[in-house]
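Please read through the structure below; I'll follow up with questions.
The chains carry the letters A, B, C and D, assigned in the order they are written, with residues numbered from 1 in each.
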Amino acid sequence: MSLVEYIQIWVIAFVTLSLFSFLYRDNPFYKLSEHIFAGLSAGYYFGLIWHAVILQQMIDPMFDNGKWWLFIPGILGVLMFSRFSRKYSWISRLSLAFVMGNTAGIFLLSELHGKVLPQMQSTMLSLGFENGLGSFLLALIVVVGVISTLTYFYFSKEHKGLLGGVARIGIWFIMISFGAHFGYTVMARISLLIGRVQFLYFDWIGSIINLFS
Amino acid sequence: MTILLVFAYILLILIGAFLLYMAFKTDDRRYIYAAVAFYVIFPVIVTLKLPITTSPEVKQLYDAVEALPDSSTVMLTFDYYPSTLAETEPMSHAALHHLFRKDCKVITMTTIPLGGPSIAERVTRKLAEEYNKVYGIDFVNLGYKANYVAVLKGMGTSIETIYPTDNSGTRLSEIPMMENIENYSDIDFIFVVADNSIVDYWISIVNAQYNNPVGTGVTAVMAPRYFAYISSGQMTGMLGGMKGAAEYETLLNKPAAANMGMTSQSLVHLFIIFSVIAGNIIFLTSKKGRDGKRT
Amino acid sequence: MAFSTGSGRLPFIFLILIILIMPVLSFAQADSGDTANSYFRIERINALVAMILFSVVILIYTRWAKAGKDLFIRKINGLDEVEEAVGRATEMGKPVLFVPGLQEIDEIETIAGISILGRVARITARYETPLLVPVRYPMVLAAGQEVVQQAYIEEGKADSYNKDIVRYVAGEQFAFTATVNGFMMRERPATNIYMGAFFAESLLLAETGNAAGSIQIAGTAQPAQLPFFIAACDYTLMGEELYAASAYLSREPLLLGGLKGQDWMKVLIIILILLGIILVSAEVSDWYLSMFESV
Amino acid sequence: MKTTVPVIAAFLSGFVMLLAFFFNPETSFLGRLEPEVLSWVTIVGGFTLLLGVVSIIRVNYSSVKRKSSGWGYKLATLVSIFAMAIPAIFPVRWSSLFGTGTGSIYDWLFNYIDSPMMSTMFAMLAFYIASAAFRAFRARNAEATLLLITATLVMLWRVPMGEALLQGIHGNLPNLINTYIMNGANMAVQRGIIIGAALGAAAMSLRIMLGIERTYMGK
């Protein structure tokens, strides 16, 4: 392993351990790491936008590809900075409206066409017995689950009588689903810790052992 | 050997119970932290080989990629933050192994501003060496562009208008691989590795409007939500969390980081189940003295 | 609001006009026979019908809500909990902590969080209970300050409003969480209210709030965080309940109209699904199912 | 003027998307207009990200200038911002340390400090979830109880050891969990939530496009 690799591994190990130190007690190391992290992330954004947007999406096409009109979105982008002045913040509305309006135009259709329609269609299941009890039971669970969940999130009538009953079934289904979600999420959190421990053990301690052998 | 194993397990359980007892006694949660650290570190040192069963969604994704004709074009997305590398990186590694093994042309891109492009560069270049793939001919990294909805929608008509150049600034017209690739219709499969709700837009915009098959590798936090898209056929297979990655690695017989982590997962999960039960027993027994809500 | 100003009506009329023209164009082109390179994508007519129906329903209800028509919304029982919890803080003279989520102002959940903040601020203004609102984005800071100041003025307590109630704490997710946790352990607020979009830090906040002995009420639409809030907080508003609560509280025509319109659509969706199930079970459903095919 | 022009801009910008959805891009002028409008949106979107960077610099610079409490840490943030941003701007031609490619200071700082920091911060959640599991996750009512029971079952099922345990109880139990809980009850609820949320998002989009919803503009 070259010297550079050693330095890299030890820098990561130092950073990892100083952040883990927070578990024992909040300390200056953790605070410092946190502030450095916030700074590096902001710096990363700056470098990224400088290259990915200003150079690659504007300067390069404008000067080498003849798309001279790309200065217009550039100006709209710069106008966004008027948000920092209380008096002129209204100037940024045009740029904001242009972006938000565009996203709204996409979502208005994609949410209906890409989510509501297909999800409705795939809930229209046959409740017949033709392919066995198992698939009937599953279809029943799905149909009752979807309808009772939609009913639970229905706000135009008090949840009383039949409506209340279906909403009650809805909350039971929702709790089962959230329970499943809880179980999955526990695994997600643990994996992240395992990732760090794998680094500390295999790479860092590995590099120490490698040093002496 | 089994006596040793049984003895190890008893020891593990005793340590867990002791630390839990101390946590309850002193109300100092650092005992629980110690238990978690122990249960994670111990199996990393002493790895137990555990059978990994394959779930249907993972098999569906594996089969879908396996069925792709060799040298077809696949878009692999790095839509994850550095915070979830432990779960998502094994997935993108396994995906690249699978795609490079099948000589697929790989286009990588990302919608994540913090680290997306750098992660994509690092992972693809490392694996490209292993399969001696050439940048610009076998794989290309488009990098990041802001406003993911516009990016996803824009690539439906013309990738080049959204990405005039690749991540390192080379114009797309100068990249041999991108010659006859204009938009989604020239891409055979989209493999999304993500840790956020961008997956919803890959499905509701790209799959619904451009009919590309979309397979995903998602963090365990996101997985339960996407069973809805699996069963409606909008999503072609899914890897759910580290277990999904481990299953995919096993199918590719390339066991790596995810497989190693499964023993630690098992132990910590059992410990958490035990502490939920213990916590609630204490809560319910002491509940007799106080009303349901904590006063 | 926009409806009264001239510009408000223009887009509405323009939208309806253009949408009506599309079907005319499609039928005109249908009988001209050349559907191959057709102008209008006939196969997406179901999306057009769905969008027109949806837009008309939402706009009608919004217009009714604006005209002050009495549109009934059931009281979300989470709101009694919020008022009771803020009352508890007033009795104990301890501060109320309100976190309007961790997303930008243009996210629906943040807007809902800010409108609930308005309600909470009116109560804290009335009883002069200390209130702290840490935020993560400059634009959320501006919107939050506006709403809180408005509440203090309406309660006739303009003098006891100060700019520091709503405070920009940090941009980064975990720097923000650590600072808020620090505040919780130092000030020991009697009530923590989390209303908006929350992610992995939801657990850190709820767990620290638990350790600080505060009553906690949460509301978010992020499905991955709801299980934790349900298990760790005293009361949780789930998903759309968050939007319904802000609509109920503010009676704001936009929210009210939107909610009622969506409720109407839910009834229609349930009826269409049930009809579909009957037809599918009777095996006469092909024509019906094709209506919902998204291409 | 301050409201009408943005409202019209929002409407037109959104309306192009509606047209592009219904009209075939190959056979109409939309084929060129749609991606062009979208590339403009990504450019303006990039600047909004810069907005966040500038506001962080402003907030930290003002507290350093005023020497407010903890200004040392704020100085560290400022130094880190420029340590990352300045080398990234210089062209890579001058030296491979510049620019954002592999081998640059930018890439090095990200891969070896920024990224591990973020991974470690998230890794700490494992500890918090365990302590929360013991201290905060209470079966305080019937619903929370059902949630915790299902959670325990799914947690067992998700790990090899647990799965082996379940198979011990009944050979087919793991598959039953996958079919009837994950692909059954959970899938149905997720579908209900997706439909509800989609209606909400579509309603919000309609209001934004028609200039009725304007809070994002800070009206």
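Rule of thumb we're sticking to: contacts are C-beta pairs under 8 Å (C-beta built on N, C-alpha and C of every residue); 3 or more make two chains touch, one makes a residue touch a chain.
These figures come from a predicted structure and were not determined experimentally.
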Far-end chain from chain A, centres as C-alpha averages: C
B-D compared against A-B, more contacting pairs: B-D
Geometric centre distance via CA averages, chain D-chain C, whole Å: 18
Euclidean distance of C-alpha centroids - chain A vs chain B, Å: 13
Chain B-chain C separation of Cα centroids, rounded to whole Å: 30
Overlap residues in chain D, where contacts from two or more other chains coincide: 3, 7, 11, 15, 17-18, 21, 38-39, 41-46, 48-49, 51-52, 55-56, 100, 110, 114, 116, 118-119, 121-123, 125-129, 131, 133, 135, 137-138, 140, 143-144, 147-148, 151-152, 155, 158-159, 182-183, 186-187, 190-191, 193-196, 198-199, 201-202, 204, 206, 209, 216, 218
In chain C, residues with contacts to at least two other chains: 44, 47, 51, 54-55, 106, 138-139, 171, 174, 200, 211, 223-224, 227-228, 230-231, 234, 239-240, 266, 269, 294
Multi-partner residues of chain A (at least 2 other chains): 22-23, 34-35, 37-38, 41-42, 44-45, 48-49, 51-53, 57, 83, 99-100, 102-103, 106-109, 111-116, 118-123, 142-143, 146-147, 150, 153, 174-175, 177-182, 184-187, 189-190, 192-193, 195-196
Chain-level touch network, classified as line, ring, star, complete or other: complete
Residue ranges of chain D in contact with chain C within the complex: 3-4, 7-8, 11, 15, 18, 21-24, 26-28, 51-52, 55-56, 59, 121-122, 125, 128-129, 131-132, 135-138, 140, 143-144, 147-148, 151, 190, 193, 195-197, 199-204, 206-207, 209-216, 218
Interfacial residue positions of chain A with respect to chain C in the complex: 22, 26, 34-35, 37-38, 41-42, 83, 100, 108-109, 112-114, 116-118, 120-121, 123-128, 143, 146-147, 150-151, 153-159, 174-175, 178-179, 181-182, 185, 189
Partner chain D, residues of chain C touching it in the complex: 1-3, 5-8, 10-12, 14-15, 18, 22, 37-41, 44, 47-48, 51, 54-55, 58-59, 62, 105-106, 108, 111, 114, 137-139, 142-143, 168, 171, 174, 200, 203-204, 206-207, 210-211, 221, 223, 227-228, 230-232, 234, 239-240, 243, 254, 258, 261-262, 265-266, 269
Footprint of chain D on chain B - complex, ascending: 20, 23-24, 29, 32-33, 35-37, 40, 50-53, 55-56, 81-86, 113-115, 117-119, 121-122, 125, 145-147, 150-151, 153-154, 157-158, 161-162, 168, 204, 209, 220, 224-228, 230-232, 241, 243, 262-263, 265-273, 275-280, 283-284, 292-293
Chain D-facing residues of chain A, complex: 8, 11-12, 15-16, 19-20, 22-23, 31-54, 57-58, 70, 72-74, 76-78, 80-81, 83-84, 89-90, 93-109, 111-113, 115-116, 119-120, 122-123, 134, 137-138, 141-150, 152-153, 170-187, 189-190, 192-193, 195-196, 199
